[in-house]
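Here is the structure we will look at.
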Amino acid sequence: MNYKIQENYLTVYLPKEVDHYNAEEMRKEADLLITHNHIRYLIFDFGETEFCDSSGIGVIMGRYRLLNLLGGEVWAVHVGARMRKILTLSGVLNIMKIYEEERA
Amino acid sequence: MNYKIQENYLTVYLPKEVDHYNAEEMRKEADLLITHNHIRYLIFDFGETEFCDSSGIGVIMGRYRLLNLLGGEVWAVHVGARMRKILTLSGVLNIMKIYEEERA
Amino acid sequence: MRDTNEMTIIFDSRPVNEGFARVAAAAFLTQLNPTIEEVADVKTAISEAVTNAIIHAYGNEVHNIEIHCSITGNLFQVEVKDQGIGIEDIKQAMEPLFTTKPEEDRAGMGFAFMEAFMDHISVQSRAGEGTLVTMEKRIGKERETWTTQSL
Amino acid sequence: MRDTNEMTIIFDSRPVNEGFARVAAAAFLTQLNPTIEEVADVKTAISEAVTNAIIHAYGNEVHNIEIHCSITGNLFQVEVKDQGIGIEDIKQAMEPLFTTKPEEDRAGMGFAFMEAFMDHISVQSRAGEGTLVTMEKRIGKERETWTTQSL
């Protein structure tokens, strides 16, 4: 899993294809990093992501639950049209905000 | 099939994948063009070609036979490493010359 | 039968094969000249059904999953079949957010995605005997509409 | 069996499926992390065997072609099977430039390509009963050598 930690921010760079096969590793590694590094802000970077099924949504929801317990937040960046459709459809946009670079 | 005719030169731009499925159409169309346009020089342009199996070799050999009867020649341009391997292996480099742009 | 092109793939229910299954189906779909969006829709739906067979039907044991695809005109049909534990209450299973494996971070959105991305889905299942998910999608609907409108 | 990953694809012997067959096999091969060259080798070999089944075995009638792939360690094995006319003289058929369909511009290089691009090939066939082509390739040979040398 590719990631970056800055203070209490963890950025996870999601792979080209997010499915159950690679979601397994991601959720375990992310949880370790979150609990060991006092993470409060988790940022999912979809810049490279071309494919994502509901296993990816499960990873986001699970991390949201953990961050929520810790009083933190979950964000998404570099969300293309396809990912936006999937995030909208699954309702996770109610718990995770999209960071729009253009407006920043 | 993409092609270009200039005087008695016919350039055939081969597709991304050359297999039996698309070779069929190519050989028929090429033969019509050759006989109707007094073609003497046939140039196979491999610039876009990423895949080629022995059906592609069959197309080249067949066109060589026709051009040879007509007193013409067959050339290849934009030959990458993979295509060069396939052309060498099949022996067609004995009947078709590669036009090397660097040396031109 | 004359105009129907068909293929079947049978493979081990290993997570590493999830990618293989959807790429194989997408490669078969290519002949309908689908848009990138249509390919993504079909890949997602198949990925959902295959993942369910791996984790729910077989509980991560290695058994066979069978996918049958057929193309008739512009209609793409796909069946995903397992011989796993089956589903007791299909209606409940298909409700969004319903999952029997929340501890594995399942979102309960698998069937919802299949419904959203395909035109039609039907599920046949019997506890202890396995599950058959059948899905359909017409390819090139937007192009058709566009052609008709432009006349 | 434990460490072997397997898949089978069965499809109509239509030319449009040549591309599907080699892409499906390449997608399965991905898990061995092959080089682009190794993928191209396998795709070419499978394309040859599938094309032969379509044009020689079935003479362009539509019947089933079956491909079985397995991965054990870094060994990729593939079988391409038809129930077509079969081959009378296998030794002669495998000679470079030998073809029974010169009028269709066959180069007679199909078996030569399979031999060149795979590590091993064996052909079982009987006139009237069909043909089974089995091929093997070890993936990552160059990397292995390189690792050994660098020690």
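The chains carry the letters A, B, C and D, assigned in the order they are written, with residues numbered from 1 in each.
What we mean here is this: contacts are C-beta pairs under 8 Å (C-beta built on N, C-alpha and C of every residue); 3 or more make two chains touch, one makes a residue touch a chain.
Keep in mind it's a predicted model, so treat the numbers as computed, not measured.
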### Chains touching both subunit A and subunit D
C
### Message
Based only on mean CA positions, could you tell me how far subunit B sits from subunit C in angstrom?
### Response
41
### Query
Once you find the CA centre of subunit A and the CA centre of subunit C, what distance in Å lies between them?
25
### Query
When the centre of a chain is set as the mean of its C-alpha atoms, what distance in Å lies between subunit A and subunit B?
50
### Task
Give me the residues of subunit B that touch two or more other chains.
none
### Message
Among all residues of subunit C, which ones touch two or more of the remaining chains?
### Response
16, 19
## Note on the structure
Pairwise, the chains that touch are A-C, B-D, C-D
### Query
Which residues, counting only subunit B, touch subunit D once they are in their complex?
17, 19-21, 23-24, 27, 51-55, 57-59, 61-62, 82, 86, 89-91
### Complex contacts: residues of subunit C adjacent to subunit D
5-12, 14, 16-17, 19-20, 23-24, 27-28, 30-31
### Task
Under the touch definition given earlier, write down the residues of subunit C that touch subunit A in their complex.
15-16, 18-19, 22, 37, 40, 43-44, 47-48, 51, 54-55, 96, 104-107, 109-110, 112-113, 116
